[in-house]
Amino acid sequence: MTASSTDNRKRHTVRADGRLVDELREVTITRNWINTAEGSALVEFGNTRVLVAASLTAGVPRWLKGQGRGWVTAEYAMLPRATDSRNTRESVKGKLGGRTHEISRLIGRSLRAVIDLEKLGENTLVLDCDVLQADGGTRTASITGAYVALADAIDKGRSTGIIPAANNPIKDSIAAISVGIVDGEPVLDLPYVEDSSAETDMNVVMTGSGQFVEVQGTAEGAPFDRAELGHLLDLAAKGCTDLTRIQTEVLAK
Amino acid sequence: MTASSTDNRKRHTVRADGRLVDELREVTITRNWINTAEGSALVEFGNTRVLVAASLTAGVPRWLKGQGRGWVTAEYAMLPRATDSRNTRESVKGKLGGRTHEISRLIGRSLRAVIDLEKLGENTLVLDCDVLQADGGTRTASITGAYVALADAIDKGRSTGIIPAANNPIKDSIAAISVGIVDGEPVLDLPYVEDSSAETDMNVVMTGSGQFVEVQGTAEGAPFDRAELGHLLDLAAKGCTDLTRIQTEVLAK
Amino acid sequence: MTASSTDNRKRHTVRADGRLVDELREVTITRNWINTAEGSALVEFGNTRVLVAASLTAGVPRWLKGQGRGWVTAEYAMLPRATDSRNTRESVKGKLGGRTHEISRLIGRSLRAVIDLEKLGENTLVLDCDVLQADGGTRTASITGAYVALADAIDKGRSTGIIPAANNPIKDSIAAISVGIVDGEPVLDLPYVEDSSAETDMNVVMTGSGQFVEVQGTAEGAPFDRAELGHLLDLAAKGCTDLTRIQTEVLAK
Amino acid sequence: MTASSTDNRKRHTVRADGRLVDELREVTITRNWINTAEGSALVEFGNTRVLVAASLTAGVPRWLKGQGRGWVTAEYAMLPRATDSRNTRESVKGKLGGRTHEISRLIGRSLRAVIDLEKLGENTLVLDCDVLQADGGTRTASITGAYVALADAIDKGRSTGIIPAANNPIKDSIAAISVGIVDGEPVLDLPYVEDSSAETDMNVVMTGSGQFVEVQGTAEGAPFDRAELGHLLDLAAKGCTDLTRIQTEVLAK
Amino acid sequence: MTASSTDNRKRHTVRADGRLVDELREVTITRNWINTAEGSALVEFGNTRVLVAASLTAGVPRWLKGQGRGWVTAEYAMLPRATDSRNTRESVKGKLGGRTHEISRLIGRSLRAVIDLEKLGENTLVLDCDVLQADGGTRTASITGAYVALADAIDKGRSTGIIPAANNPIKDSIAAISVGIVDGEPVLDLPYVEDSSAETDMNVVMTGSGQFVEVQGTAEGAPFDRAELGHLLDLAAKGCTDLTRIQTEVLAK
Amino acid sequence: MTASSTDNRKRHTVRADGRLVDELREVTITRNWINTAEGSALVEFGNTRVLVAASLTAGVPRWLKGQGRGWVTAEYAMLPRATDSRNTRESVKGKLGGRTHEISRLIGRSLRAVIDLEKLGENTLVLDCDVLQADGGTRTASITGAYVALADAIDKGRSTGIIPAANNPIKDSIAAISVGIVDGEPVLDLPYVEDSSAETDMNVVMTGSGQFVEVQGTAEGAPFDRAELGHLLDLAAKGCTDLTRIQTEVLAK
């Protein structure tokens, strides 16, 4: 739903929370919210609040040793009371659920897409994304915040020499946003109340230079057609551009 | 890669296995390959060989009881020697890996998209997709074969009366195919050798009537742009149309 | 180490962080830091930062049903990067460690000591204590913060009627502090750097009215004698009195 | 039940499936049913259908290193819908059941009995036996088919040089069959319907030269005496002789 | 090895521990070694020492409810230092090993063979067999001792009325012994030193009236022939007769 | 409750089992109850019966290698029928419970307090404490018995040379006892019946020379005050003195 393809009436429809269809929730990213990690960020998309910690350590997993390349991976989890009703801890269940696995893998792939693993050297970056409060969009907030924590961890690594100072392993920035069709209308950045009633739900991960890294669209209700897919991608591109600007500002401080 | 957007030279480029860029591998679906399940199919996409069993049982999981609706779910797994080197069994490891979770969830969501759960009644369909031999595209073969096994299981259920004969819970057929960009060229139905070198890899699930149920695109190498995404969707639509025809023929026997 | 038993020189010895031997770190308790739980608190003892969520739900575990009594329990956990080096998640390991079990049980017992389970009715309170940043004293901060979150959850329960408004299940307040012998000197509220070199380490849980609920003293280096034990208990009583005052002020807001 | 010890009437009694008491079900062994493994076989005893894959890899488990000997082991599993009602996957349960353990160990021991581990060299053979369809006798079909897959894997190993071509580690062939007492009558090769009503159930593993490797007899109903044990062993010897002939023919192709 | 088939020289060959080939180790069974269980026995076969506790409780597992029949099951385990080198606890590993499963199942089946489950009523008997010191024959000692503990638990159940006093669910006694071929010689009741060098190893479970319940023979070294099998069964029958006499004497006290 | 602070009436009050308030149950420690371990003891506090095995092995856990120091650790467990009703095995549940973890850690810490790890050399001592029959005080009996088993294992180590004979790593002896307030009265060494009704329950671990290693007091009912704490410590000191004498006598034999 680009500005051009939407008539003014729709463009100005306010949603339950007063936002326009192509408007992000209030986004804040607080750098170094904890001081124990090489990089960290508390990222908020409205009421969604995720603490990201970036751990940089020398060495790589066994299967990667001796190849001169580093590794970037992520682990996503939700505190038991991040949601309105309490969930049993996965540590208590004794196993990770499918959703946790899926999102952890998505975050890891997304961040790897903008990192030059050769330039990282034989070092490992782990991005821990722990959802403290959940209101939709936890995976996209995680990716967006993880980029900031990772940038700080790499800076630190270059200043301490773990990563050669001459190497900048960051090829581009990365951000992610959810889009979906709610009551027949494509909308940007869905809170839980919209997400749970969306017919189609899509998460899009884009580089700062505007290319796609991940497109994951799912018909929750009715299947969608090519035109709807196009509108959703337009909205997502708009949202990622906004997020990229916020990341840049935060990292410039 | 629509016919119109490709010049003849490229259109006729043969791949390592001699196929055109928009050509499926040989696809065969053998119904009722085992006789213990309500429906079953041995589905082959080239050397990829998946055994799907559809189990129909009265009753639904606890969280769904008393709502007059049924449930459809799937479990995907790979035999340890389906691949060129042996993988440790997940039953021996004591836990499911992230990939297994992710694909199982994808198959379940895809099949649910074409089933009217109210018409299914308080019954459960489980689709077990076990990969006997893997050569790329195991998740898309699973979805495509699962539709055939599920159709047979529903038929059986309607004839035995578990599902009221007057109800046809099947709203549409469903098929899935992989597409990707290999050496800069969008291609359809990637075997392992192409998949492992693809820059972008996408799995597309479509209904028989040509709408999207899932679009999952991942940049493995370089990020992709909107035009490349369009070419890949064109190829996928072509492939799913071909698969729908094969499903229809098989079920007509 | 009461004021009376310490000469002025020692009383004024500053520690590495500038505190007196009987002085708490800066303690802050932020109520309702998340809005998804019935009660919550972000509690900070210096750099130690714990998020406590109190979940109140109708019903009790099976083994307690039909006895007219409620239940209070706790789960403690640490984010992987709460510490200077990253710890593997217990959800990834697939099991809880001994330390986690031990502290969860301590927190649960401590809170139960001040709750009248009959007056709570057949309801369950779960206190989730997640350490976001760790610098010693995480279990004592958890107990101290959990009391605040629990008080709010009980208030909410009485206003919504889950707990009869006429019943106040809270018998007393509860707080906890660590004490230890460092370089031969008994000190209050040990940060990590002191804790790791302490000869004796003790955690003391006390009611607002000044009685003991738990005393857990461990000789890490040399065994301790009765006189040293007495000094440590004096310090702990002083610290718990200070914490009780802070809890009272926070809950009065 | 040797021919000599049975009168003609009984000898000609047909069973529910029309077989004589000492007659095998139709047995087929398809070599190289999958092409990913060093050796493989689809073995069928009537409706029982097992896929065996033999994996040959250089190296041995840690506890065997440096002793100049190889290792042969087996893993048995059943697909969830191999049986008339669906079984939960052991990977989903997170642990192997006792029956799985027991049969895996039996298959491994049986195959090791005919392999000269010194001549195998420091190499490991894993026999994966996955039951695709179960109708009694899955463990005996597994052993019988595993011998064929193993023979092919060893051939391959000798031709590629992992195993010195001069060494033939195979000392003898091995086959297995079930026998039991059903309605007072000793019978050979029990399908599920007979097995579930047998008073005594016995699995016998024999070498091609006619000696015993395993005898496992269990009184399911009434205990059995020495004479009955003798009859069962006679029947088993007859069955194993037949299976040995089939194995030899299959491997001669 | 019947008396008749052995010449006197062999018959009198003493083994490493001074026993004749058909002689049991010293067997002692101490009833009610612990007083917490309905029945218990400390059973010793030489240095092998197993504590068996029989638990009788009203009710049956869910799958057996409402059928008017009881259940008998067993759990076998070994203390970590029952053996000369320490084994990791299965509770620490987080799973039961194959050997544990196999032996537990064998003990349960063996005891069920002599119990009339209808007469037991809807009650459950669990036989816990914990090996305190192991020197070969732990499974046969477990079965032999479990019969004594079970007899006491049933007596207690009939006197307290859980089991109707008029019902005696015990159909026969049960005992078990190991036999094997060591240095070419069939011998009875193998201690660890003989067991570890045996060519063939067999465990035989027999009723007090002399019939077979289980015969489990395994060629550890060379395969065995029918004659050797016969000798082993003769020895086992002799051993079980001796054990039956000991059980009778113990229970008569 | 020192002799001086108790009037004669109370001092002579007999408890349910006829003991005075400061009287131990009958304590027996049988050395070398099993012969497979380097040291072992069957320790009995009244009806509580614990088998302790001390395993001494060369080498230390990975995290301690190369530091010239040894390690002492403990594992505590209870047989399923050590108690009046049967508990599910932790090996069957697939995980250790919190209580098991907590007690194992307590035993390990207590024993380490009297061992000079440098003098032990790079060797590991594991104390396995398995409760065969439980009647209160299982953790204190374990610690008390573990000291005897450990002393024997160290003696053996010094005689075989694993530990240099010139090094005596034992700095002091260690014993433990429970105390509690039952019906308002401080009492020593609580059996289950007293323990389950105690208002306050405390476990105290002391060296042979009378200093504290662990003090763990818990208010099960009403909180306790400083005076009550003092009485309990007096009783514990008396009990540990008695246990030290028994340990000395047993080791002198």
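A few points about this structure:
Should a chain be cited, it is by its letter among A, B, C, D, E and F, assigned in written order, with residues numbered from 1 in that chain.
Methods note: a residue touches a chain if its C-beta (ideal position, glycine included) is under 8 Å from a C-beta of that chain, and two chains touch if they have at least 3 such contacts.
Not measured: the values here are computed from a predicted model.
Chains that count as touching both subunit B and subunit C, per the definition above, are A. Path length between subunit C and subunit D in the touching-chain graph (shortest route): 3. Ranked by separation of Cα centres from subunit A, the top chain is E.
The greatest centre-to-centre distance from subunit C, using averaged C-alpha positions, is reached by D.
As for how the two copies subunit A and subunit C face one another, over half of their interface residue numbers coincide. Note on chain placement: the centre of subunit B and the centre of subunit F lie 61 Å apart, centres being C-alpha means. Separating the CA-averaged centres of subunit E and subunit F is a span of 34 Å. Subunit A and subunit D have Cα centroids separated by 52 Å. Among all residues of subunit B, those that touch two or more other chains are 94-96.
One full turn of the ring, starting with subunit C and passing subunit F second, gives C, F, E, D, B, A. By the touch criterion stated above, subunit D contacts subunit E in their complex at residues 95-99, 101-102, 104-105, 109, 113, 172, 202, 206-207, 211-219, 222-226, 229, 233. For subunit E in complex with subunit F, the residues that touch the partner chain are 34-37, 40, 47, 49, 51, 53, 55, 57, 75, 77, 79-84, 86, 89-96, 100, 126, 128, 130, 132-134.
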